[in-house]
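For reference, the structures are reproduced in the following blocks.
Okay, so subunit A shows up in both of these, paired with subunit B first and subunit C after.
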Partner chain A sequence: MQSNAALEYDYSLAKKFTFLTILFGFLGMLVGTIIAAQLAFPELNYLLGEYGTFSRLRPIHTNTVIFGFTVSGVFATWFYFGQRVLKVSIAESRFLMVLGNIQFWLYFLGALAATVSLLLGISASKEYAQYEWPFDIVVVLVWVLWGINMMGLIGIRREKALYISVWYYLACFLGIAMLYLFNNMEIPTYFTSGGLGNPLHSVSMYAGTNDALVQWWYGHNAVAFGFTVPIVGMIYYFLPKESGQAIYSYKLSLLSFWGLMFVYLWAGSHHLLWSTVPDWMQTMGSAFSVVLILPSWGSAINMLLTMKGEWNQLTENPLIKFMVLASTFYMLSTIEGPIQAIKSVNAIAHFTDWIPGHVHDGVLGWVAFMIMASIFHMAPRMFKKELYSKKLMEAQFWLQTTAVVLYFTSMWIAGITQGMMWRAVDEYGNLMYSFIDTVTVLHPYYTIRALSGVMYLTGFIMFAYNIYKTMVAGKELSQEPQFRTPMA
Partner chain B sequence: MDISEIQGYASFFMTIFLVIMLYGYIIHLYRSEKRGERDYEKYGNIALDDEITSKPVEDKPASQRYKEENK
Partner chain C sequence: MFHWLEKNPFFFASAISIVISFAGLIEIVPNFSKAARPLVDLKPRTVLELAGKEVYKKDNCIACHSQLIRPFKSETDRYGKYSLSGEYAYDRPFLWGSKRTGPDLHRVGNYRTTDWHEAHMKNPSKIVPGSIMPAYKHQFTNVADIETAYAEAVTVRNVFHTPYGPEFKSGKAAWEAHKPKVLADAKKIADEMQDEGVKKMVAEGKVPEIVALIAYLNSLK
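On to the complex of A and B.
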């Protein structure tokens, strides 16, 4: 590998995955908004026959935002900053370029086919693991291709030290690989029964309590290695780069990395409190969840302190606003989660709307904000154009921030009301309310959530439009900006 | 002792072990900076100065450099 004066980073793969991030983000959030509306107005279930029911659409929402939107965002940012922090262009290796393109097409077509399969009702019936076995094989192939690409790029790097974001992305790769494989161990019934039933159908290798344990070890660590680890990696690159300030404490970033790795894996059983899993395991899940505040806040505080002495940027640069708000929402959801994991609190919170409320202050405020901010940062560098409109970004920021607040506050009220009503007893110990009483009371909050969905989705469309206009009508940049992203 | 009890104890002792490792790591980070063997904070510049033409913050793995410097 020789250094070559005309050597440049190659953003073609980053661009491709950026398009997918926007496509799947739009689809996933559109379906999210539809199911939110269905919960408020059940008649909306019957518009498209079996294909429009809540039960068909909910897995499409969750899988599309996780495996479509978030994972594309992770791929897009990797193919952008991976090159930069390793100081090597992916175009220096034809092999890696070809591999990356195979990964892209396999992923794109696989994800579309998998989404259609869910629409047709083909499902393995495990949460966030609904894709049936042929699609699982595609997921594994895509993941292995990404792994080879990542290790390959690391192998030909010029910068010997691996920047902290690379650590986080490596952990994302290893973590998801392990989780996905183990949770999706399943037997295709057609082939083992000598040709009975549907070839797409499978049964899990686990049953009963074991199934629940493996499922929530997976489910919770999907949050860890999909929604936390790569997003922390993202902010550790994009916030310093955008603000021109190095990470406040690199040592703290290393320490909280190992802290997260160590603690997260044990917290999953907080999804199974008061269930049939061994008692010590439930207690362990609770305890580790509370301890999880430390590495989470360690990362978040490190992000916020990176802005030390430069807080004026918060008012001047909307991109900094997105990222600072993202880390603030990260703090909110990582204090809320541990609170919900305390056994006595969980007795009220479990099965209620407080849980999706918690999920969405994290995913809307933290994950999606950070992915959009990363794309805002990358777009002018990838397309060599100024961002199309700062005003539109500001408007999007406020619209979506309001939407997130409406989402989680309505679900807090709904969830706690529900939890209290379910357990309320009269003086003789009889339950005071039937299920439908709670539904009636919760109707206004479901309506507010549906409204917040419309607002967030509108914000996402504004984002997509801004990126599109940047591509086709942004002012040409003569030089790649070093720090602050130029915007009109 | 049945299997779930063994698992419980194993998990407890592993936790203690990992806590010690984690604290050991903090001590290691600070001690190697104090002794001047490593400067962790300079790695933060990898993100800031990331042109393909920029000079790498570290052109050899730190362990190798340390060995050479202390030969």
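On to the complex of A and C.
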């Protein structure tokens, strides 16, 4: 990493997407906390009439954190480090600037409209692919605009070799494009029935078992290429930049990258174990899930070893703490997933709360931590101000870490309890519990989970406040900090 | 080779595209036509049932209920025969779900009745003490979109040759001709219900969401 004194980068787009990351992060986590509380206290379902039930709100939570929070985070970081690793300012091309702004507004307005559509119950009902066809078109447009922008910036780059983070972002773009297109193939019924009914309605191109296969090939890998690939890209850029350490091993990076690319997509069918898809697909999904540990842990270990000899930074710099904990949660999450993908474990785990538990140690502990750490790193460089409060960061770190631990431990217990109760039989071989017994028993765990949601959300508000105060009241920086982010 | 790729973005991107497309090609494509086959006597859903499926999607029942009975004794004892691929052949989209906060519904039509659903959707915890399911009272007043359901039947007949009869034609006239049948089906359900408002709406030629939903749930067998 060379000094970049000669180049003045343009952060206007990175700033805009940073604001969206914070906005959508807050909204997504707020709705998540509400629906978590609804499971513990069902009376909360009636705050908004028809529009406030758990079932209506849940897709808003998932889609807002995926396509709102995470994707804005990916865009924000791309418009920040993309320029820096390619050694070119985006302002050098008017075309790319205009394109980036169109992307921003289309994305912002599209996301708002899509959220309202879900609130109204306009839904294709495929998980994480609920948006009806007009909103799908907006998503595709935004994505293509981003793709053109990325390719364009790569096209006018000065640094010829692509840095690892760029590999991951390229893969994110290509992977999501492929998955989203195929899974959302649908036929608007209005145009094929001579103008009958609701123009927004569509039917899926695939039916039954095939639809399930395509959906979980998508659903699993939207996680792969949205929650893993770009986040690994982020840590490959921000950890060395923050710590001043070079990446531990190039070979390990290569192995992890290409391994992840090849292996990840096969694992989708582990969402369909014991279903009506053929056995060989289920076995393949199981086996590849276990193999997936290698590239996942490869990246995480590469990150941890990057800190070799510099572990003292962990005590001095809360930003390093966020990133190291993020890679640790990544390791936890990527060992837990393969365990759940083993057929006999899956027989108990599937359909239970262990699954949301698994998802959340990944997204709260890994994805959100890494995105917040990235913003903490970018903010002083974008706004040329010192971070407002180190103390607040420390408090946020411990509050949110406790929240994540409460979340996944309570859901582990809830999930395994439920899975075991569903199959428990008495001495005569009759089922021991009626279904409702397996619901009421979960009340304490649902309460703990709701509490952890409140804690995590509070931490996120502290984060947003810290960034806001940095912008308006941070101490001016005379020059860009080279490595460690200055904080008051 | 890797160093060369890293300096040539076009080939780099092409390499990624090739590497990530294997899984889908090998896992999904070969079995596609076999997995699309229906069971021998499988009938597509009626227009009223399709409208009910839309209510199921709109209120997102899939967030808490699965429609997939796995081949374990504990599941077949609780829910009935395990699910077969051919049963889903006309389901667009599939509605297996991924979470059972509530019980599986794939064969709920075998053991729950119209009046049970009616009372349950109005006040779940009265019927099942301890239930955390919200009441869906708005389904008793919202009108189901049966025209869109008909449009869906026509679409899947035209595009996927789902075996709906020749009377399922495009256009307003064909819909107007079919509509009385939908209303007759709705009346059968409403007759088994207690709610006076629902009966009144059906008599006026409007189908409340709850009627369509119950028709759909009853068809899950």
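Keep this in mind: the second predicted complex is superposed on the first by the 481 of 488 C-alpha atoms of A that agree within 3 Å, B and C clash if a C-alpha of one lies under 4 Å from a C-alpha of the other, contacts with A are read in each partner's own complex, and residues count from 1 in each chain.
Just so we're on the same page, a contact is a pair of C-beta atoms (placed from the backbone, for glycine too) under 8 Å apart; a residue touches a chain by one contact, two chains touch by 3 or more.
Treat the numbers as computed from the prediction; the structure is a model and nothing was measured.
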Thinking of the overlay built on chain A, is A:A124 touched by subunit B (first), by subunit C (second), by both, or by neither?
-> second
For A:I247, select first, second, both or neither according to whether it touches subunit B, subunit C, the two together, or no partner.
-> first
Classify the contacts of A:Y237 with the two partner chains as first (subunit B alone), second (subunit C alone), both, or neither.
-> first
Quick one: classify A:Y9 as touching subunit B (first), subunit C (second), both or neither.
-> first
When the two structures are overlaid on chain A, which partner does A:S89 contact: first (subunit B), second (subunit C), both, or neither?
-> first
Identify the partner contact of A:K160: answer first if only subunit B is touched, second if only subunit C is, both if each is, neither if none is.
-> both
Quick one: classify A:P444 as touching subunit B (first), subunit C (second), both or neither.
-> neither
Subunit A residues touched - subunit C or subunit B, whichever exceeds | C
Where does A:I187 make contact in the superposed view: on subunit B (first), on subunit C (second), on both, or on neither?
-> second
In the superposed arrangement, which partner chain does A:W258 touch: subunit B (first), subunit C (second), both, or neither?
-> both
Interface residues of subunit A shared between complexes with subunit B and subunit C = 160-161, 254, 258, 262, 266, 278, 281, 284
Any idea which subunit A residues touch subunit C in the complex?
-> 38-39, 42, 45-46, 49-50, 53-56, 58-59, 121-127, 151, 154-155, 160-162, 167, 170-171, 174-175, 178, 182, 187, 189-190, 192-198, 201, 203-215, 217, 254, 258, 261-262, 264-266, 268-269, 271, 274-278, 281, 284-285, 288, 347, 350-353, 355-356, 422-425, 430-431, 435-436, 439-440
Please name which positions on subunit B make contact with subunit A in the complex.
-> 4, 7-8, 11, 15, 18, 22, 25-26, 29-30, 33, 40-41, 43-48, 50-54, 56-62
State the interface residues of subunit C toward subunit A in the complex, per the touch definition above.
-> 2-3, 6-7, 9, 12-13, 16-17, 19-24, 27-28, 31-32, 35-36, 54, 56-64, 66, 68, 70-72, 74-75, 77-78, 83-85, 87-103, 125, 128-136, 138, 142, 145, 147-152, 154-156, 158-160, 170-172, 174-175
Touching residues (chain side subunit A, partner subunit B) in the complex = 7-9, 81, 83-85, 87-89, 158-161, 163-165, 236-237, 240-241, 244, 246-247, 249-251, 254-255, 258-259, 262, 266, 278, 280-281, 284, 483
